[in-house]
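Take this structure, written in structure tokens, and hold onto it; I'll ask about it next.
Chain naming follows the written order as A, B and C, and within any one chain the residues start at number 1.
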């Protein structure tokens, strides 16, 4: 089976999705989905290990067709890392889901949920492994369409308008990406990213390519919710079912960042005369990233709905990733890539904790969380740990990525950038502490005496993610170190 | 609509079999000429939508129940993926049809292609029907 | 037992105490006995380490790498040894005191209290043993976070506000400045190890050194250098044992300890003397000393007055570090110990008064010495030590600091030290006078003795005697600290 390793992570959820749908039985469908997710995760880990230990990308020609005529899966360290990210988060969140959706989604739609979830995951994994730009678009659509449906399953009727907004903006983004892809195909005569990169030098300064760059940047920016293209994100996160929010927040935008890294570093390259992504990297990305870091964090401070608060925090955190990517240095890229994973763990864990809270008190409003520190001590403790991770306190994964990011800024003698990064992370202190103070220092509202701790089936997945975010704050061999390896690969330091 | 006999007889009863047959032709001839699963699926679905238009959605759903449509959509995907997996099990890559026939790679290609196009056709026609149902039924029939 | 084993034990024991406190909720007696036993064990372990360090041993442990070439590592050196010794000794005593206080006061959530207490001690021990700046930074932040629940123990509006200032200042200074300084140092020097002679010499120059030093000095918010001192009085909303151990010993001392470590092992004394980069810090510290004392005089709340006194005393230690000379460093190091013992006595006394008589304001304390003679005697001894008069420990550290200032040719700084001592007398001694020589505002002139519980009084008498003993036992501390200063005949 080992020669099929590169295709397995996509294939398993993709084929399991219709099976779950056909099963129609709630328990059987969810059971199958969870099992498949975990098997996918194992496959992903084996894939990453193989790629890292052999030092060469895993290449898989679909249907046996070579790159010039067919689609090739090209799994380098970065791709394998993203595969592990998506599959691990997907598996843990889906394990959380059965109990959580029991309260949030009508029972007869559970098999539907399982199928959509697997499809979305398959799409995200497909984006990571494929080496074909058009294929990226296809998988992007697979994951996006299923995500729209997943979000619309939310209890609140506003979930529908949120979905519609996401649908429109997401489609615009996807269309832009498609236009960019088309233009690139026209200029280079290939859709394979590696070959595109080989031909890119010949198109130096051609206006078509510049237009393609613009379309790709805008399209991907929309998909990754880079400020100010984030308008779809807060409501979508806010009104989706808890487990959907956790999954989407942890994986979807991260994979879009991955696409950004792919086209900047793999296709266009950043050095030499062929580098045409210059203006994007030097100006557009940092400007968007920094304004996002400040504005989105500031907006987060004023939210009264904690899921929305976390959503705005996500927009800010995307800024850190984009900033890291835009620094074009080993530590900068390491910071960006490591933060993909670290933030996925932290934010996934936080949204799962919100799921626990929603399960018990049926609300995610800050006002309803008063006194929760005493009623749901374990959940709130996990929330606090996750919040510390957002701030980037030492011993949390968030610290590791912040370290690399500040280091990258200082290595380029950009002291002001380092100061900006650290100052903006102080904003996180404020919004995290607002929740903590509400939960621990205020008396619980009247008539909510019966609130108790969340059931174990919800707590354990939450604890796993939060625990992992602490673990990877101390032991970075499989997070930041791999991210560093991926960064060196992308920059061509080692091949 | 029921009172308009001409419509019912001419369009539905007369045309429908031909539409469906044509869909099947496009489906299976796709191997040699223009056509294939997508087009065939659309034509097939369009035929059934015509039926629903003329006789009403309820009548249509009596002929093809909701669960059949939904299952068909899933089954089509499974056929497609399943062919790929069979190829993998026979020692090839995913979707490498050549290995499906032990003696002749070209035969294998034909077999594989016809099978996956069948999968595509089934899914596309089912999804056409599902979309029409969702729009026409205004959620009444959606699960 | 090897030294490495002992170091690991010194880290693990407080964690064990914390864990036990969280687990044994239902049996307070067992829980507190465990805490105490672990505390005594820790003290034993720490004392067993002293001979090794005295003989020039520098045991090291490298745990695991977080970043490439940047491990969590521990290395025992004289300053850390001294600090560890102070923390371990005072932890035992404070645990006794806390048991008495918390029970005498019927506090709730005692398990959480003792658990976080253990965590804070763990963080302090880790900081004392830290072998590189990254490790120190980790434990520094852990200390901030683990003490937050202690500061806000009462979970009321006042605690929330105090906690906000406490955490706000400590976290924002450490993230915005200290972390920046640490990463910057790493980028410049390529390492963060604490090495004799510093790691920055020859790699940084000009104004950059000053900026970096400023980032370190102000970024270490726990050192309470003005204007980042506001958290210290704000943290006085905590129960008194917390104020005592954490805000006279652990937290603030980790702050100045960090500054000293940075000066000695990151910049290097010689480097700072050569570049004169630390001159401004002397003046910043001198300002803090004077302003702290002046503000203390205006405070009527006893704990707040003590808090500002601490701010001022921390200035002494930073001043010694900024002098970057032999006597300055030794004086600073010594002052960590001397001030800790003296100040904890004062806080204990404040807490005992609160438990026994429910009084918090200085103006209410007239005649209290007649009903609480032991407490107030101990208070007086502690006060004299903090002021720096012989025969108490505080005299030595001030002596060395003044020597250091004189050696650096800073006559004004010597003057500042003297003036500040006078101010100390001004705001600490009237309390003693009023307590003993003025009759109480109400009731009989000689009321019956009504002391705090024994668990409170014995510890504070012990620390008072300790500050007396330190006057006569300062020589070993001197010898311990001598190797910190190259060329002072101590080797190293």
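The criterion applied here is as follows: contacts are C-beta pairs under 8 Å (C-beta built on N, C-alpha and C of every residue); 3 or more make two chains touch, one makes a residue touch a chain.
Source: prediction; values computed, not measured.
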item: Chain nearest the overall C-alpha centroid of the shown protein atoms; value: A
item: Distance-maximising chain from chain A - centres being C-alpha averages; value: C
item: Comparison of A-C and A-B by number of C-beta pairs in contact, larger one; value: A-C
item: Inter-chain centre distance, chain B versus chain C - centres from mean C-alpha coordinates, in Å; value: 78
item: Rounded Å distance, chain A centre to chain C centre (Cα mean); value: 44
item: Centroid spacing, where centroids are CA-atom means, of chain A and chain B in whole angstrom; value: 35
item: Chain A to chain C touching residues, read off their complex; value: 388, 391-395, 400, 402-404, 406-407, 410-411, 415, 418-419, 422-423, 425-426, 429, 433, 437, 440-441, 474-476, 480-481, 484
item: Partner chain A, residues of chain B touching it in the complex; value: 67, 70-71, 73-75, 77-78, 81-82, 84-85, 87-88, 92-98, 143
item: Chain B contact footprint on chain A (complex, rising order); value: 4, 7, 11, 14-15, 17-19, 21-22, 24, 60-64, 108-109, 112, 115
item: List of chain C residues in touch with chain A within their complex; value: 64-68, 72, 137-138, 141-142, 145, 152, 155-157, 159-160, 164, 167-168, 171-172, 175-176, 179-180, 183-184, 186-187
